[in-house]
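Right after this note come the structures.
Okay, so subunit A shows up in both of these, paired with subunit B first and subunit C after.
Up next, the complex of A and B:
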């Protein structure tokens, strides 16, 4: 039999919990922390003192409260001092950001990624350069406490290796290891599936705050997903869970990058929509010309192209309307299946699916009405992402903060040394 | 749960023309109720009756379960009912704060209390997660269509209103701005307001509504939960007043 947790373990846990409250909830008064965490005032004071001494939070007098009595001190995260690097590897873009404790994006760099097979150097090189540029601009008293990347592909939980990425031809890529080596910060780079991280971001900071059962669908070139069940991300046996984009909805349908037929991704992804709207051009073969959102011939690609279809449909373009209707129908079928299996409280449409959903909601919801079980859909809320295109990046930042929130003082001591 | 706003048996005639026949409508807190119907179905008249612009001929008007009499827009506003019309009624030559407090300015002594108004306006916009506006001292003339809509909606929310009625808020907006306005509409309801959305765009209606009320030739054809109907059924209700078991039978609600 194991003895109960030691005092040291309890203290570490409480420090992490307090830091998490301030990190997610923003500046919070001591009095509020006392009631939210269910600890007594002197404990909160001692924990805050430890975190303040470590430079993770600072205490301030609040602005007028308008109430009688001595005001409770407000605990704020040291956003400008404690930060992480968040990276986002999408099929058609690379983003690096410096995100402060509390979730503030302090600095951000983005570039276009040429579509096509994954080449380690072409991804790691620009991201490492961005990180170096941003690192150089920081003040000497700042401290980096972690780094993490969102990757458009399946990531093994065990070793962080990207095992598959049909839209990038990436198989068995030790991305995190290489990225950590190139960053040279002495910190590991944790890697997560981009849609999984987007789900966590919407759950902790976005539209799904306070919602314990949520499904996030992320559209870019393909369709990714993250399933949150009772507040935790559903990873499955090896961490590949939640790949709803490869749920087969139409067995005789379009061929998918994964080799199957009629995956949700193949029916509602970027290519399906653009082809149905008669706007698809094989830009994979086009040489990269450095501009964002268009290929050599001037036609839009990527998220801009998807938005252009929704725009055209809104202005009355019949072909675009039919294309959106068709895509919306398949999307609704996919969501109906998910609703029947998981009975989520909320389904969030992110990335390009935000516009696709808003432009085809009539089809999507009609499908859900006819195909999902009435009790399972009764209280379902369909929402669009609150974090927009940055949901995956914010998710990566949260992943990078996970360590410091689990054991604040230990991580900080290590980062400071 | 008691509806925030409930109408029963509303009749309204303009001279010999009866525009509303025995209309019932209930609007719930935390929900978006979409009011749909063809041109001339009576949507605008119904909204103007709710807003106190047109007196009703007969019928019951209940607010938070209690019967009330609403004879003027000011009385509707006092109850907590705000209407955002299509033309928005904003003044181009005034800034955002001035517009939001137009006609209801805060005063300190005999001068305007600019600080309080500015703070309240900023807080309201922030509470609605509006980040597209650069400065709240910007003139409204410099704003885009979507931003104007946002300001008009924020103006309606500023007064601790309980019911906000939006008349075609996404008409004439581009896709990016439509998305922002729809998300704002949804957020209002998620924050506990009762929202009535008038729209002709079925995608907008399905994207944000919890209930759909369909008017047909001055009669309420049906009021249904959005999660229980399909696009085709709603279109039938709008165009013919009935769809399967739903809707009017010989001009009488089923």
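Up next, the complex of A and C:
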């Protein structure tokens, strides 16, 4: 109910909108920008000139138009020059990447994370070292315009503190603050829930482009969710929205790390699948204590273990097939509930749920048919993540770019100074 | 990613914003509008002059300011002159009202609806007759600017067709089209799901004013839901979003009208409560076939029956207390799931769920404590509907006003011609 925007706000909006076009859509001709943005040619020229002067885009002749007449100049993001740091803190792994404007991954480092409680130094240490290594390799004229991290846990919008992360015993962790201090770039590190960022990534660059109502389900050790409602990420009152893994689907079911019984995570997460397949080995109080890929006794854990079950089922292993059938049934019930609640256009299975879905699609679909209201499911599309294991990382990069896309010249002036 | 708005769009936006201010906030001084809308005094004066000339608002001296100096004129909606028709199609009742700009109910008619399958004439007939009666009583200078209906069923956004309504056996009912034809006002009748409209009503005029993330749960025969996400109603891809009553909470539970087992509606709806309280009587295939208030054998049904159980529990009836305890436990589980999924600021219990919640608040809260993630529930407020049985009707009125608030002068010109 506020008044309309000022001329200065409109200009800032337009600069951001143009930059977002080439950031998400890649090199775009002036003519196309003119028609897509509904502005006249001279405005597009002026906006492009401002962004070019700031070093955010450059204009060049298109390669080959095949048409007569003077070709329209193509506006291209300065991917090699303007970049962000994207970080991903999973239960099993730590990833850092340098991502250029336009979404190009310019450099990337990854290491395994030993399962167990969160220890700040064991996470920020390796990630800061990765960032330093990558930073040293950049040319002098490059400029870092942001940094953000995906974290396997619930992140408060207000202060970026990780308020819960049952699978890493993490409670009230001021991760962003500490990470920013250790990066030492003079930039804040924005933190987001990994599944929320995966949803944003699939929505902007993955299988869900053009889809305004989308649910992304992310399997790691647990099950996370990110929900896009009418084109925007569902955050809720404090930013904890989308925790669909803790929707109870089986009130007399398996116990969950959150303390409840029968959460979706407890019924379809890694442990549920491995136990049902007779491939889970518990070593004392910590459910997992080996290094990644296998536990102390040599049994596989993590993504490798989930993939092994799906592979075994493919080869005809009846126990593995039954395990996938059971998990697929609960997964289908969870999705049916979400279909009734959100009426999404698409549900995307990412992380280890990609494999689980591929191995149990019949059960998932059958359960949706039984339990979702027909009109709510009739146009539903079920898809697997297009960005694979890096969906959450790409989402973190998009979070890091958010500021420069909102106010390109201001952020660049700050970053350059 | 479109360009900024034109001057004409800004003016239209500002006219709508000013009208919305006085529509929702009541008479407001020019000075207050100036500060709230962030516009200068001369712009507010010009906008007010335009709205006054169109007969949408009028300016007058405030009653008594108690302050020295020239008082700021108060802008007041023309409630007696500009109105909409609001309709409410419940399983048990039909309501029509004439609601003035500003939300004043100017006239209202209600009749019972016999439970059973939806028959078009039995619904549009009485509602059209009510509208005619009310229309005949209006002064010649009044103007109707819209009409809308709340319907107990899932309504497609695209064409306003009621696609499902298990409690009225209604499938693919073009209710809005037929209702508009019968009203004969030359106005379309916009149709919305009753619980969605209840959510909008509580958000704009009820207990949830100022609350950007709110869930409204509506108990009728079944259980409907409406979800406000970041200030806007969750519609989903086709408009069926918010059907939280068909979230399965007890997969081996009671059978639901939708064909599933253990939906929230099946566990906490009217029939679940009455059966648990030993007060349900089934007469053949139709679960209900008496007139409203009681069935053939004299047992109460509907709101009266639900209230009777709560009253009995209050008076110490152990069976009624146990029934409420059981239903409250499932209701709490459903709310806990929604808290994890949406991280809402407030959950509002409306319709018969108002009574159910008041009679089982301890169980509801206990279950939320067990099953909702602590950070997601720590600021949660549980409330009962402020608008009572008319929440859905008031929501229909707001839906009917939506057009005139979006483009005041255009809609009024059309209505007056």
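Annotations for the structure displayed:
Definition applied: the second predicted complex is superposed on the first by the 402 of 417 C-alpha atoms of A that agree within 3 Å, B and C clash if a C-alpha of one lies under 4 Å from a C-alpha of the other, contacts with A are read in each partner's own complex, and residues count from 1 in each chain.
We take it that a residue touches a chain if its C-beta (ideal position, glycine included) is under 8 Å from a C-beta of that chain, and two chains touch if they have at least 3 such contacts.
In this text, all values refer to a predicted model and were calculated from it rather than measured experimentally.
Here subunit B and subunit C are compared by how many residues of subunit A each touches, and C touches more.
By the touch criterion stated above, A:144 is placed in contact with neither subunit B nor subunit C. In the superposed pair of complexes, A:260 makes contact with subunit C only, with no contact to subunit B. Contacts of A:13 after superposition: subunit C is touched, whereas subunit B is not reached. Of the two partner chains, subunit B and subunit C are each touched by A:370. Using the contact criterion defined above for the overlaid structures, shared-chain residue A:94 touches neither subunit B nor subunit C, since it reaches no partner. In the superposition on chain A, A:311 contacts subunit B only, with no contact to subunit C.
Look at A:354: by the touch rule set out above, it reaches subunit B but stays clear of subunit C.
By the touch criterion defined above, A:386 reaches subunit B but does not reach subunit C. Of the residues of subunit A, those at positions 370, 374 touch subunit B in one of the two structures and subunit C in the other.
Against subunit A, the residues of subunit B that register as touching in their complex are 129, 174-176, 178-179, 182-183, 186, 202-208, 226-232.
Those residues of subunit A that touch subunit B in the shared complex are 307, 310-311, 314, 354-355, 357-366, 368-370, 374, 377-378, 380, 382-384, 386.
Taken together, the subunit C residues at the contact with subunit A in this complex read 1-5, 9-11, 13-14, 17, 20-21, 36-39, 43, 154, 156, 163-164, 212-213, 225, 227, 229-230, 232, 234-244, 246-251, 258-260, 333, 336-338, 340-345, 370-376, 379.
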